[in-house]
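As written, the chain order gives the labels A, B, C, D, E and F, with residue 1 at the start of each chain.
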Amino acid sequence: MKKLKELVLDETFEMFVLLKNADVRMAKNGKKFIAFTFQDTSGTIDGKFWDASEEEIKKFSAGRVVLLGGKREAYQGAPQIKILNMRLATETEPDSPSLYMEKAPISREEMEAEFSSAIFEITNANWNRIVRHLFSQYQQQFFEFPAAKRNHHAFAGGLAYHTLSMLRIAKSLTDFYPEINKALLYAGIILHDLGKVIELTGPISTEYTLAGNLLGHLVIVDEEITKTCQTLKIDDRSEDVLILKHLVLSHHGLLEYGSPVRPQILEAEILHQLDNMDASIQMMLGALRSINPGERTERIFGMDNRNFYLPHFND
Amino acid sequence: MKKLKELVLDETFEMFVLLKNADVRMAKNGKKFIAFTFQDTSGTIDGKFWDASEEEIKKFSAGRVVLLGGKREAYQGAPQIKILNMRLATETEPDSPSLYMEKAPISREEMEAEFSSAIFEITNANWNRIVRHLFSQYQQQFFEFPAAKRNHHAFAGGLAYHTLSMLRIAKSLTDFYPEINKALLYAGIILHDLGKVIELTGPISTEYTLAGNLLGHLVIVDEEITKTCQTLKIDDRSEDVLILKHLVLSHHGLLEYGSPVRPQILEAEILHQLDNMDASIQMMLGALRSINPGERTERIFGMDNRNFYLPHFND
Amino acid sequence: MKKLKELVLDETFEMFVLLKNADVRMAKNGKKFIAFTFQDTSGTIDGKFWDASEEEIKKFSAGRVVLLGGKREAYQGAPQIKILNMRLATETEPDSPSLYMEKAPISREEMEAEFSSAIFEITNANWNRIVRHLFSQYQQQFFEFPAAKRNHHAFAGGLAYHTLSMLRIAKSLTDFYPEINKALLYAGIILHDLGKVIELTGPISTEYTLAGNLLGHLVIVDEEITKTCQTLKIDDRSEDVLILKHLVLSHHGLLEYGSPVRPQILEAEILHQLDNMDASIQMMLGALRSINPGERTERIFGMDNRNFYLPHFND
Amino acid sequence: MKKLKELVLDETFEMFVLLKNADVRMAKNGKKFIAFTFQDTSGTIDGKFWDASEEEIKKFSAGRVVLLGGKREAYQGAPQIKILNMRLATETEPDSPSLYMEKAPISREEMEAEFSSAIFEITNANWNRIVRHLFSQYQQQFFEFPAAKRNHHAFAGGLAYHTLSMLRIAKSLTDFYPEINKALLYAGIILHDLGKVIELTGPISTEYTLAGNLLGHLVIVDEEITKTCQTLKIDDRSEDVLILKHLVLSHHGLLEYGSPVRPQILEAEILHQLDNMDASIQMMLGALRSINPGERTERIFGMDNRNFYLPHFND
Amino acid sequence: MKKLKELVLDETFEMFVLLKNADVRMAKNGKKFIAFTFQDTSGTIDGKFWDASEEEIKKFSAGRVVLLGGKREAYQGAPQIKILNMRLATETEPDSPSLYMEKAPISREEMEAEFSSAIFEITNANWNRIVRHLFSQYQQQFFEFPAAKRNHHAFAGGLAYHTLSMLRIAKSLTDFYPEINKALLYAGIILHDLGKVIELTGPISTEYTLAGNLLGHLVIVDEEITKTCQTLKIDDRSEDVLILKHLVLSHHGLLEYGSPVRPQILEAEILHQLDNMDASIQMMLGALRSINPGERTERIFGMDNRNFYLPHFND
Amino acid sequence: MKKLKELVLDETFEMFVLLKNADVRMAKNGKKFIAFTFQDTSGTIDGKFWDASEEEIKKFSAGRVVLLGGKREAYQGAPQIKILNMRLATETEPDSPSLYMEKAPISREEMEAEFSSAIFEITNANWNRIVRHLFSQYQQQFFEFPAAKRNHHAFAGGLAYHTLSMLRIAKSLTDFYPEINKALLYAGIILHDLGKVIELTGPISTEYTLAGNLLGHLVIVDEEITKTCQTLKIDDRSEDVLILKHLVLSHHGLLEYGSPVRPQILEAEILHQLDNMDASIQMMLGALRSINPGERTERIFGMDNRNFYLPHFND
């Protein structure tokens, strides 16, 4: 059976999908409608449900699985679903949300194994103990959360997958440039976005928490390292702890992007650039997968609102 | 006897002064010189000591008191001292550095009393306990440190005095605008710059510490609140703790100025503006005190490099 | 009876309100509608009147009082009224617009008294004569006009009230910092926004006049001072007149905000910051009054489009 | 005899020149020196007079004519004079400053004639009366002042010459584009920089006046128009007066460049662009005249600090 | 018979017009509509065709002439047509698109003559040969293309007309300033926008080509000069060729506007400013022609989104 | 024997070095001096030669080898040489400049082999032919030139080495992300900076050529591809050629950095980021190699003028 992202323009269909988001809004004419984001393992498409009754609003909430009949159309360049009919999946049908969530392209087990060997290479005792402590404390959410509310790696497990991709490129870099401190770079990469498990609410209907809004995930990790040091009796004013914190705090690269300090250490600058590169590639690939050669993607907010052209050479 | 700042152009003098800074540099001709900042209670003036021998460099180090014979000149609009002769003060002379340091215009005792009553008005239990704990932990340095390496309130006790001035204006504001939460604003003001006692090295030859460079004083206070909560068993994810941290983290107002988040709470925005206003007034007053009506101050770095005109109406 | 701002979500009501604005626009379907701003003394809420006939457009014009039946809904986070029925108020009903206008929180008489004593403290003869002359010339409009077309203090009397708030904070500042020239600061505050009585059309359906658009209120006040000097035979090139003009011209602080010169006098910089602070507080308070603890305000244009969070501590 | 600008690198000379500027500064070694700008009708070159005595400082002041013996060298790409000997010109020698001032390339009489016919074409009565009144009031200075303290047209008569060049290009434009209101554009051009006769101190040792610093020449002209209207009993709130003022106030084009309003009228935008174009051409030509084909000019501050290349095609 | 731009608000009409653009979009309700731009020789007005069938979409495509019955209304300040009825023009009716296209105000023959004499004045042999070669190669499109997709000179022949206007002003400038190399400036002007015949698709339904998007018209002309040199055996690294290329590449003035280098030659800077000035005047005149005295134009994207006021003095 | 970069502070020495740069300047006192950059295979250090005679200036020109006696000092944080004595190397001494040039860390042969196999992987015929043609045409200079005048990879062979590093990281990336078109990315990387062999004068006394200044290396490569297509009869308007050119033109990422277009293709964006990352790492490593743990590097112009801290963990 076809997946959401495989539908072509004007194709009609009926399939089970997950309601990833279900925002109730009011139309200009005063009636309510639901702005859905439908999801299956191939990705997400939006669709609007007009003139929604209070009952329908209650029934079709985020996180439910539905049998959706619709037509794949386009609105201002982006694909969208025209809803023809829709009902909740029953118990005898495939109604478990986890069946429809986009997943990282490799399994959790493989990822865990790669993280294990990466942590093994963190040879500085303080860094190793801090990383192990926090990694095991937040492991559950780390492998379930997306890397961002939207934009890049916005799928279940995206946070772990993004972190892993960075570790892989970092490995190549440290092979070419032996002056780079591999232990530090690995420790920094593993912790840099870990605060997102506190900044965001989770993989479905992802929102910012109050702590996320008021502190941001950079400071949140800094606090977690501080508490870990107190617990493990590590001096949090020693140079190696200060440097690890600095990698986390400076990884957005510029003050304008929310880092309270700019990178002042070789590995901090590299961490920032790796983060940037991996996020960019994911955002571009995500948008390019939805179009055909000769077309342009929709504008990508996280890429300065640029759109990208897909050449014919992949035919 | 005349003070440093009372000297007029081309006046010669002999007086005891403190060596606030003593930076050794190399002239274009390859010889070393010492760039001194001389200080007494009236303020500071720079002066260069040419062709310094290794022995002189060792002898005339920052923090020593000297008997200085010189002439008050000007260099590119700023006052400077031409050094005619100079020797260390002896034990029988007034050789204690504290005699020459610029001080806050009111006494430490008065300041302590005002802080006490301000803390008394912090009626929220969590905020009150956190503020009391940190205030007593760092009280010693808080009353000795300057508020900045240079720019505003750069004198011993300047940190406490700047904080106090802000509390005073805050009091007026909360009188006019009763919607402002006075307890929160007071707690935020008292803690906002407390991290400077860790960010800076102290009142003499003030430099940034490694923690100051790599974390910045905003994040340092945030960490201190985190540790205090762990010690006092306060939930550091409760709304009132998050908000207090937010006031500290956002008080630079803009991301470009090093706040990882912009103010999102009424009192956070007000704290930022009060900080700005008090610092500005101090910088302008400091520069205006050195000139005569009809003249312009030197350019003030912290005021976008503007200079200011002193009108004749004060005559 | 309930006021506009006291209505809760989905509450239906019938009440008399003033039509503060009534902009006729065309919908995408080619039919006309009226975008109303309804007002009573508690504030304003928008509402759209669909498919308006030419007769209705003529009848429901800005400045009229209507009996409005409606429902309080929300559109994109901001409160709005769904209009159920609406008719003009009759002569036997409370149909005077002044009954529904938001007002400054203190009476005109009290404000006048405070202005009188403030002007009394302007001890420089030139400044005093100029201020008295312009204040009495434009007194009527000064106490009726809003401080801005929208954003801060956008209510009848808002201009006088904003000016008065600034005078109050200025009083505290000059108490702490006796170096500030109180006479100059008071004169500058009273005149700084007086040009708005020429820049804007008035308290209802407020628009910019041609002079407002082509010159702006800063230059308008400058011209008024120039004319006053010619009338009162004061030398408009004397230092004290130049300085007073400078305070007015520079009070937006930055060239980008429309000041032809940046502040170059202590009191000019302070005036700019006081203006900023009072306007900010009013904008935030205005937005916070419409929401409940735990919610966020709508985005405030004048505050760099930020929204603000209302904590639970006020419960 | 050779002129200053005709000297080649390393050429020694003796000639009478005017001291255009004579700034006394202190060298790093504490001795005073005079930074001269020498001038004759070909242009200006800088030169430093080391170890100046108090008597020499008094004698060699700006505005005096000297017999200068020196060598034409270069310092950081810019030509400069090494002073070999120097004495004041005597009464029997050509000691009148006016003999050495750079002048506009056409005579004052020719310029006056062109202005007369331009004013004749200002057919709107209000604009014509205002222009005539102010032009005759400031005529003397208008033909003597430079157009700027430095940068473009910084020579005696430069203000009138710059204004005239703009009128000439404006004439061509109004020929091609008859929709442009020629009377308005001419009136705006003639008045746009007239305030510089109040903003600056004059053609020698040009500095900003207090009014120049605190108000700026845009607002100064606006005030002069206001006073003229009061004197001539013209309504200064009539549309044509508002528009004329708008042309003057907006002629810097951007708020960042000191215009309190941006151009909102066709002729205001054109005036701004003509001003820009003529000033740019003059700055570039001035710098290019000092170099040979294949070389680059010094960096020009008023052209975003760019330097320009002189090709060989002019050989 | 009335033209499109002569219709007044609310006037109904029936007339033949060209469909300049016909973009098919989807409304929020899921139905398709066509966003038309209607055109006759007086200009263009937009109008929406709701609920378009597939047949209508095919029939009413860009480039067809239709008999349009409609009403002239306004939408958000801009004129628009409400479509009442519409059918294709038949063979017996005036159905040739060229009858309805806006044209340059002077004839192609006159323009060709002026270009001929301008090219005659390009006295440098290399420049002359390059210009002649490219001008004759692309002559056909050069006289048919618009100067831009929208904004300035967006009509058939606009590219040639814009180029010609610049040549005219350049002629005046070179008369006043004989230091300007007329041959170079003329050559640069003629070539500067020639790449638009490759960057854009043509005068109807103007879009960017793939080369236009990926290279831009500046680099396209640079490539064309390179190829011409290879064909004509001119050394493309000689100074005069480098300079001509530089004029083309730098004519947007700033890197931010897409020039890979900023102007470094007198004539390059002047070319940039002339381009700017002529484009600005055309944009303003185009917008001002649609409104009455006392009104403001719609916001003009190419003029930093400003709108302009039309005074009454033209009555 | 010790190398230049191995000298410690205040160490005296005598060694053969190459004069990489020898700029003659004039001191404030009017005497000439030579600002040398001394070089051996360990790197470069600056040193000033005071009071240089004309004969010495002629003798000690860039590109000569000298026997230098000196002392390693420091000036404003950067190492510098105090010259004690200096003479030209004789024929019997090691006087070949190539003995002293900093070189890429791997041999030319190894690099050539890696380039060969990379070109082999460019499977698109057009790209392969273009790359082969240009690579063989400019091979000689490509392996000798630096990658920049200063900043990153500023050593002989730096251009080839920088390009090779990028190919290596690109290889890892294409392994992880198979959607990336490896042939295109390799072709783009090899050509992206090839224009520097025309933009710069060579490995010694590196300056910009006229073509470099007026066109820039991005446009230069674009022209070279254009000429290659004409020579090899490849259609330069085909999609694959347009895309290859686009990769070159857009590789500075932002218009402000001199790209006439921003990246619009996945591989173009990746090329830009790889370029950035490799250049950054080289600049940081270069600066960090000159300092000890606990110190800060000098400010690095190409890294937004930041300096970097070297932690103690490498001890």
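Rule of thumb we're sticking to: a contact is a pair of C-beta atoms (placed from the backbone, for glycine too) under 8 Å apart; a residue touches a chain by one contact, two chains touch by 3 or more.
A quick note: this is a predicted structure, and the numbers were derived from the prediction, not measured.
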*Where the contacts of subunit A and subunit D overlap, which chains show up?*
B, C, E, F
*Counting one step per pair of touching chains, how few steps separate subunit C from subunit F?*
2
_I want to confirm something about subunit A and subunit C. Since they are copies of the same sequence, is their interface symmetric in residue numbering (over half shared, so same) or not (under half, so different)?_
different
*Distance from the CA centroid of subunit C to that of subunit E, rounded to the nearest Å?*
44
*Mind checking the centre-to-centre distance between subunit A and subunit F? Centres are C-alpha means, answer in whole Å.*
38
*Scan subunit A for residues touching two or more other chains and write them down.*
210, 213-214, 239, 243, 264-265, 309
*Looking at the whole structure, which two-chain pairs count as touching?*
A-B, A-C, A-E, A-F, B-C, B-D, B-F, C-D, C-E, D-E, D-F, E-F
_Going by the contact rule set out above, which residues of subunit D touch subunit C in the complex?_
210-211, 213-216, 218-219, 222-223, 226-227, 230, 236-237, 239, 242-243, 245-246, 249, 255-261, 264-265
*What does subunit C use to touch subunit B in their complex?*
124, 165, 168-169, 172-173, 176-177, 179-181, 184, 239-240, 243, 262-266, 269-270, 273, 276-277, 280-281, 284-285, 288, 303-304, 306-309, 311-314
*Give every residue of subunit C touching subunit E within the complex, in rising order.*
25-26, 28-30, 210, 213-214
*Within the complex, which stretch of subunit A touches subunit E?*
27, 48, 50, 73-76, 82, 309
